[in-house]
Amino acid sequence: MDIQSCVEVRNEWDIVSARQLGRNMAKELGFGNVDQARITTAISELARNIYLYAGNGKICIQPIDQLGKKGLKIVALDNGPGIRDIRRVMEDGYTTSGGLGAGLPGVKRLMDEFSIESTVDVGTEINATKWLR
Amino acid sequence: MDIQSCVEVRNEWDIVSARQLGRNMAKELGFGNVDQARITTAISELARNIYLYAGNGKICIQPIDQLGKKGLKIVALDNGPGIRDIRRVMEDGYTTSGGLGAGLPGVKRLMDEFSIESTVDVGTEINATKWLR
Amino acid sequence: MTGKDAIIDRYQDLIQTYIKGKSETALYKGQQFSRKLIEQQISPEDVISLHIQVMHELFPDMEEDMRDSFDFLLEVMIGYGFAYREHQSLRDKQQQLESEIEVAASMQQTLLMSDVPEVDGLDIGVISVPAKKMNGDYFNFVKDGNKLSVAVADIIGKGIPAALCMSMIKYAMDSLPQQQQMPHLLLENLNHVVEQNVHPNMFITMLHGLYDSDKHTFSYAGAGHEPGFIYRAADDRFDDMIAKGIVLGVSRTATYQPYEKVIEIGDMVILLSDGVTECRTSKGFIERDEIVSLIRKHMNLPAQEMVQCVFHELEKLQEFELRDDFTLIVLKRVV
Amino acid sequence: MTGKDAIIDRYQDLIQTYIKGKSETALYKGQQFSRKLIEQQISPEDVISLHIQVMHELFPDMEEDMRDSFDFLLEVMIGYGFAYREHQSLRDKQQQLESEIEVAASMQQTLLMSDVPEVDGLDIGVISVPAKKMNGDYFNFVKDGNKLSVAVADIIGKGIPAALCMSMIKYAMDSLPQQQQMPHLLLENLNHVVEQNVHPNMFITMLHGLYDSDKHTFSYAGAGHEPGFIYRAADDRFDDMIAKGIVLGVSRTATYQPYEKVIEIGDMVILLSDGVTECRTSKGFIERDEIVSLIRKHMNLPAQEMVQCVFHELEKLQEFELRDDFTLIVLKRVV
């Protein structure tokens, strides 16, 4: 139940590895085509954030089974500069992604559970879970 | 240059005739696939408004040629109750179409020129032009 | 059968009907189907997935490359799904903001806008329409015996900040009742309040006047405000009502000049904000001349109808998109 | 080569690469491509049209039924195009509204929020954070010789209407300077103003107090406001600071009861708004007990750090989504 696989994120190619890891696990767990692609995109966003803002960190993917309720959990960890104003980062349109609707609020909307902890100069940890329906 | 074809709109089937008329003319004028479909949807919206709010009226489609600049003009006419507050109707989200993004503001955004005149208890005339690029 | 299965079946039906007859009716049904999907908040990538499923059903022998290309399309559409969900969230937020602004605007309307008083011998018309929900123009009438004090102000800036600023002006004026009798002193005092209390990049223009319905004089002073007009019935002529004076809030030591005009029977005092004179049409800004002709056109109507007609004509000229708050006040001496 | 052709070529390349290798890298490039399309404001129906063109290119022998089914998909996507363009327009509008609200909020901040005064023997900490951009909580300090007047108010309602209402309270309080010395009379007077001037469904709760730094007494009165606490250093105990009195604006004839406490060295007067005590976490509302333990945890810090630490802990408990404006004031007698 606690088998967790991680990918270090230091360059752009690692984003692809994180995606691959997530897609494989999502497929194995029985997520449909669309959800596989969505989860992969969410992982991609989180990995890209690490690559762009923290320099390096890691993405871990973990199958979840809580009393028979199955799901997939993404953990994004870094020791980067941290986020000064979390409320602001979670607002729509804060990212400069030109109307993409992704960024952290997009990931949060997509997943069923989402939490973020960040300390300035220490780092950021994001947890996001999607349940299998 | 002033050949205008009209369709009376009294019931839902007339909406289809108006669409067909618009699509044929758009195709003839050389609009691409996507623009044909968009113009048809715009006509559909205008015809549907007539059918729903005015009871009956007509949709006229007209090819335009202004000094070599070619386009298609839609005229929607009715003798219905008129629009009491045009500024309000032109606001996004005023129509109850549940996030469709169509309604009159959607039609206006799609077309290159758009004008509306309405007198309470007399009727409404909408003109909308799309230029060929 | 679940809702999802029903949607798949419906889509398969629709697409088969279209393939068979290629009729406009089938496409119309496609559009209605699309509307229903959007109402059910189904994402664009779900539509692609739906299409893929039905394709596999209808074309079981589809070559593998074709299948793969559909998967790629799905991947590209995922980004649009993110944008689509952001749209839904923005719509909700927008609706909440709008309803908040609507409450604030109605507060503003009931609290800050004064009623039009009845004054012997005067026919009064007033219209004040905000460009957006909140009004950054302000007008105020105070009747005291045979004297009518009237103010028109325009906050430089629009929308919510202007509305906040305007509520300050209202409370400041309420606390200066004695100065209502002397327009130039009222402006001097208000200038202090604005200078001290208002954001340094917020300015206010104002015209304040006092109509004496015994002597039939109109005394006034202005702080950088758009000049009004005086209509002289004897000459059938509109004169600009110039009042020199600096905008409120710029200089701590500003003083204002008093003016006075005698008003004859049939004359009109016309006060306005620059939203009336600087209204921009597709042909450029309107000239003050054109405003005068519009007023002239309707000036035989009762004052209230007159200001409304002028507004409606200008609203239409601007294609129903006001770019600035609009305030027009007419005081017409009838006897 | 036009921009459109470049896009078609790029898409064809990407899809061919994917068909060949089916690699995650190709799909990642698909996602990046999608991001770029969205940045260029390309509509979802354009994406379908792009896909169709490339399919015709790659599969020239595609059967006709297949071609037709693509056309139908395009038709269905048109509706999503309308929604997508509305999204763009809403985003623009939203950004404009937000920047307006930001200006108004900064006006509110600079004009309405008072500075924290220096008072001999008192260590003062204040934090007031709006749930949204505009604050519907209000606090005010006025120092007059050896006396410090302190007010905390909460407008029932949030956002823009509450902010408008709050600016009225500020100007009303400014015009009642003499009553600052008598909390219960100040509330009585404010009640008149609110009753007469504020929207009938807007109410205001307030606690007003006066700290005498010679006698070390805190006299106060309350109008339906969330009770604060008094920390008694001698007993190491937090007492509720009850002040009975009806909310401002409800009854024309309301009167308020005066209270007074003697404050010893090490004691603290803690004033707050219900945004502190009614903060809702995923486990339900927080209890006043829990607030007390949070305050206790940080009470050895300087007052300003103390209120900030309490806020940060409560912010995190609420997952960074404040549901109500939050105001916490601590007056700590140090000598």
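As written, the chains take the letters A, B, C and D, and residue 1 is the first residue of each chain.
By definition in this document, a contact is a pair of C-beta atoms (placed from the backbone, for glycine too) under 8 Å apart; a residue touches a chain by one contact, two chains touch by 3 or more.
None of the values given here were measured: they were computed from a predicted structure.
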item	value
Maximum centroid distance from chain D, chain identifier (CA atoms)	B
Inter-centroid spacing, chain D versus chain B (mean Cα positions, whole Å)	43
Chain centre separation (chain A, chain D; CA means) in Å	27
For chain A, residues contacting two or more additional chains	37, 41, 92-93, 99-102
Contacts with two or more other chains, residues of chain D listed in rising order	27, 31, 35, 38, 71, 75, 78-79, 83-84, 86-87, 90-91, 93-94
Arrangement of touching chains [line / ring / star / complete / other]	other
Complete list of chain pairs which touch one another	A-C, A-D, B-C, B-D, C-D
Complex contacts: residues of chain B adjacent to chain C	15-17, 19-20, 23, 37, 40-41, 44, 86-87, 90, 93, 97-102, 115-116
Contacting residues of chain D [partner chain C, same complex]	14-15, 18-19, 22, 26-27, 30-31, 33-35, 37-38, 44, 47-48, 51, 54-55, 58-59, 62-63, 65-66, 68-69, 71-73, 75-80, 83-84, 86-87, 90-91, 93-94, 97, 100-101, 103-104, 106-108, 110-111, 157, 159-161, 163-165, 167-168, 171-172, 175, 197-199, 202
Residue ranges of chain D in contact with chain A within the complex	24-25, 27-28, 31, 35, 38-39, 41, 87-88, 91, 94-95, 98, 315-316, 319-322
Residues on chain D engaged by chain B in the complex (per definition of touch)	45-46, 49, 52, 71, 74-75, 78-79, 81-87, 89-90, 93
Residues on chain B engaged by chain D in the complex (per definition of touch)	32-34, 37-38, 41, 92-93, 99-102, 105-106, 109-110
